[in-house]
Amino acid sequence: MTDLPRIDWPTLVVFMPLMGAMLAFVCPRQAAGLGLVAVLSTAAAVAALVLEVLAQGAVVTRLGNWGAPLGIDLRADGLSTLLLAMTAGVGIFVSLGALDSYAPMRADARTRRYFWPLWLLLLTGLNGAFLSTDIFNLYVMLEVIALAAVGLTVLSGRREAVRAGLEYMYASILGALLFLMGVGFVYLELGRLDFAGLIAAEPAPALTAAVALMIAGLLLKSALFPLHFWLPGAHANATAPASALLSGLVVKVSLYIFLRLTQYMPLPDELLVTLMGALGAAAILWGGIQALRAERLKLLVAWSTVVQIGLIFVAFARAGQLGLVESWKAAALLILAHAVAKAAMFLAAGRIKDEVGHDRIRDLDRSHIRPTLAQFTFALSAISLIGLPPSLGFAGKWMLMEGAMAAGYWHWIAVTMIGTLLSVAYFSRVLAGFLRFDRLRTPVGEHQGWALADAAPLILALSALGLGLAAAPILAFMEIGYPFGTTP
Amino acid sequence: MILDILALTLIALGAAFFVAGTIGLLRFPDTLCRLHALTKADGLGMGLTCLGVTLLAGSAGEIARILLIWFFVAASSAICGHLIARHVRRATDTEER
Amino acid sequence: MSSGMIFGLTGLAIFTIGLFGALVMVEPLRRVLALKLCSVGGGFMLVVAAWRAPPEVADPVPHALVITGIVVMISATAVALALIRRLHTLEHDSDD
Amino acid sequence: MADPLLIFDALLGVALIALAIAVLVVRDRFAMIVLFIIFGLMTALAWVRLSAPDVALAEAAIGTGLAGALMLKTLHHIRAAPAAPVPVSVGVVFANMGFCAMVFVGLAIAFMATSLEAPGLAPQVAQNIDASGVAHPVTAVLLNFRAYDTLMEVVVLLAAIIAVWMIERGIEQAPARHLGEIYRGFARLALPAIVVIGTYLLWVGAYAPGGAFQGGAALAAVGLLLLLSGLYRPQPAHRPIARLGFVLGIAVFASVALLVASGGRLPFEYPPAHAKTLILLIEGVVTISIAVTLAALFHGREPEAIPVSETRA
Amino acid sequence: MSTALSITLIVILLSILGGLIRILRGPSPAERMLAAQLFGTASVAMLLILSHLMAMPALLDVALVFALLAAVTLVCFVVLAEEERR
């Protein structure tokens, strides 16, 4: 603890959206304004935290000054801060998109009234989860996120959305409870719950059980292949900004926790690691096929999330048990790339649906109105998701394959290539429709709505492309505070 | 010592009433009879148990709380018996009509 | 055999029964109840972890965690039940 | 001869497992809920046997009482739905049964192999309890050592009530309920008694089992009784108060946590001289919030808003 | 003394477990509720005895909450059942 009077940024990063959520809930009429202010000020706090981390390495806050096993510490190292920054960045643009999407003429007052508190609570949970160093605290954060996310899923109030939301709720409660049981086993064996305790622990049967339970819960929450059943419905039926948040950010939390836990509590068996990779490969194939068959644009985008999660798990698997640091980083990079690009893509898909009036892929090229900018955005984010240079997705995939080649894991390279080809195939279904604009010889229709709504996803998509060029500094930043393989 | 034995007897008697209540609940033919068996049994069983535990209690605060519990259980048991009986009577009324 | 052992195994059994219910049941209410069983099983594990061998004083930290878990679970239950009611209303209305 | 209390424990364990199975297999849905409530009661007994009275209190009041009431309400709402719409194929059932049996065996082996020798955090709690401001260890953990968790748990409640208000819509006017004179008399007697008990639980939490959650749950029971008996009808005009009630606890809790962080202290680091006062303040407002939120969760729908229940009692 | 009390506890537990049959068999909700009422009261009795056996006066508070909760659930049941008939 320093004697200098300094503002404790990690705490503020969690508390600011919380305060915003309460204000937005108490004053429903001003919800949008208050919400935007809260998101922006949270982003400012994150920026300050980034600077602090750059200047002095990992930032640790001992809440209540009790210290780790008894109290709870917040810790912002490179990886956490990077994900916080990702959340803040995506959050700002999704908020801007939502401002338009839920504008008074498009959505009822109810939607507007509830979107902002729920989204800010979600942001609280996300930030809290990224900063947490205590597995029980992670459980609570997962529940904050889950409830807010379910709320966002059913925002439209339509029947399909409610049904998908209920399915999502079951999956996410069960995932959280598996995690809780794992926490119970950890306490049984170790008598403490902080990350430092996990790292210091000797292997024991109870810990193996704990790892198995927690990983099962996280896999369910992150929708790895056979456990993905809830995802497409939930993500495809939510309103566009909500889908962007769900697909871009919410799924990432469980991936992030998974990344952390497998660092601190290595999987007991190489076989399990390979199994996870195999499931990832299956997700790539199955998700790809489903995306090829999807009839609606948003459903296609949702299935593409399943594919991308599979890819991230392939990256995990490639790490083997000795934590080849390169591939953890590849996974983190892919998480980042997917968050930015998928948020942009969902927002763009939402814009297309708004303007054209439907999102049947087959008929997209027959509309009178051409939402050019949204289509352009969609194409840009597809580039990142497919993994073409210079996008961030490319950088992630490249690291993955480079590592795999170095270790001689050729089968993972083959899987990655097949996944790439599949994603080219299903995205080209949409993009081809965009290009064949002259099927109806009508003048290009006028734009409805506000330029900001197109600008927000466009900026996101552009940054997904552009960040690929900055992959090296991002990787360097990620390593601040040694998140990979060393004690915190 | 005598106090202990007295308390034990009271508690055992209370337990016996609980057993009787269960048997009544299982064996009696219709809802109202079962209700009758039950409220008598758990009223008395609870009362005797409370009395027994009071004899064993260490401090005045504990005794006060035990009495409060007894009072609360008795009141809620009575009102619940009443409500259920009412419910049953109304239900049979509607059936007969 | 000790109380901790007995209730630890009980908790595990309840958890697995709940897991089974959550996987197999189709009725919405029963699925929620199955999840609640799971949460009670998890609670058992933590309470047993607090109890240890014949305790002078039980470890208060897991107790606090279980209380937190209970409150979290009632929130989740309430939301799930609200979804069930809403879904029922929607489907019921569309049937008419 | 074995300790008879151990036999009691074993019986209780078997009863719990039997109840858990019964909850899942019993045909009648009402019986299912009743069995679940009883399961909760027995769970609380088991936790008492494990010397966890705080947890037993919370489980009985929140996990069983309120959850049971919620279930009954939901069952009442969806009673038109068929009891078991889609039968699952026997093969799936057996496959899952086998899987779950494997999970159980695996976990049981891991559990039996654990020595339970880790010291846990009890010594540290005991060491720091004097600095925490309260004498009861569980309250100290909840409101001081791990206050951040507790704050987030109240946030989960807030998220739940926001989600519930959003999910359930429509202005469905509940019919008036008449429960007769005796019930009214009971209510007149019981409601203040419950308020007293709730306050007592809150107050006693400083040095004995009890505290904000248990007290809040007891007060929420008052809200439930008021709502059920029609003595209180939520009005749309009460919504702002209700909203304030929901966020009050978090707002005060979070503000205190941040405001103490001046003069070289960290967030949540209460100055030792004022720790007791601050914790009592936080507990008080959190209790109110919990009570209002739980009652509102029971009520559901937004337009007819929620009482600050205690004032009407 | 404590052995005798423990045996009493076991007797009460066994007796209420017998009551389970009534819940499973029904037939009407009212009967199930009656059995639940018996469970509630018996649990309170068990808690009272346990509070002496385990020397934990705090269990009296738990018993108090049990008693309260039984009443609330019952009122909930009756009210909802009344509404249903209308």
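Going in written order, the chains are labelled A, B, C, D and E, and every chain counts its residues from 1.
Note that in this section contacts are C-beta pairs under 8 Å (C-beta built on N, C-alpha and C of every residue); 3 or more make two chains touch, one makes a residue touch a chain.
Since we're looking at a predicted model, the values are computed, not measured.
Hopping across touching chains, the smallest step count from chain B to chain E is 1.
Both chain A and chain D are touched by C. Most remote from chain A, judged by the distance between CA-atom centroids, is B.
Counting C-beta pairs in contact, the pair that comes out ahead of the other among B-D and A-C is A-C. Here the CA centre of chain A is 47 Å from the CA centre of chain E. For the pair chain B and chain C, the distance between mean C-alpha positions equals 30 Å.
Put simply, the C-alpha centre of chain A and that of chain C have 28 angstrom between them. Work out the mean CA point of chain C and of chain D, and you get 12 Å between them. For chain A, residues touching at least two other chains, in rising order: 70, 136, 140, 143, 147, 150-151, 154, 157, 162, 185, 187-188, 191. Shared contact sites, meaning residues of chain E that touch two or more other chains, fall at 33, 35, 61, 64, 68, 71, 75, 78, 82.
In chain B, the residues that touch at least two other chains are 72, 76, 79, 83, 86. Chains that are in contact with each other form these pairs: A-C, A-D, B-D, B-E, C-D, D-E. Contact residues on chain D toward chain A in their complex (touch as defined above): 106-107, 109-111, 113-114, 116, 118-121, 124-125, 128, 144-149, 152-153, 155-156, 158-160, 162-163, 165-167, 169, 240, 243-244, 246-247, 250-251, 254, 257-258, 261-270.
On the chain B side of its complex with chain D, the touching residues are 72, 75-76, 79, 82-83, 86.
Chain C contributes residues 15, 18-19, 22, 28, 31, 35, 38-39, 41-42, 45-46, 48-49, 59, 61-62, 65, 68-69, 72, 75-76, 79-80, 83-84, 86-87, 90-91, 94 to its touches with chain A in the complex. Touching chain D in their complex are the following residues of chain C: 1-10, 12-21, 23-30, 32-34, 36-37, 39-40, 43-44, 47-53, 55, 57-68, 70-79, 81-86, 88-89, 92. Contact residues on chain E toward chain B in their complex (touch as defined above): 1, 4-5, 8, 11-12, 15-16, 18-19, 21-22, 28, 30-31, 33-35, 37-38, 41-42, 44-45, 48-49, 51-52, 57, 60-61, 63-64, 67-68, 70-71, 74-75, 78, 81-82, 85.
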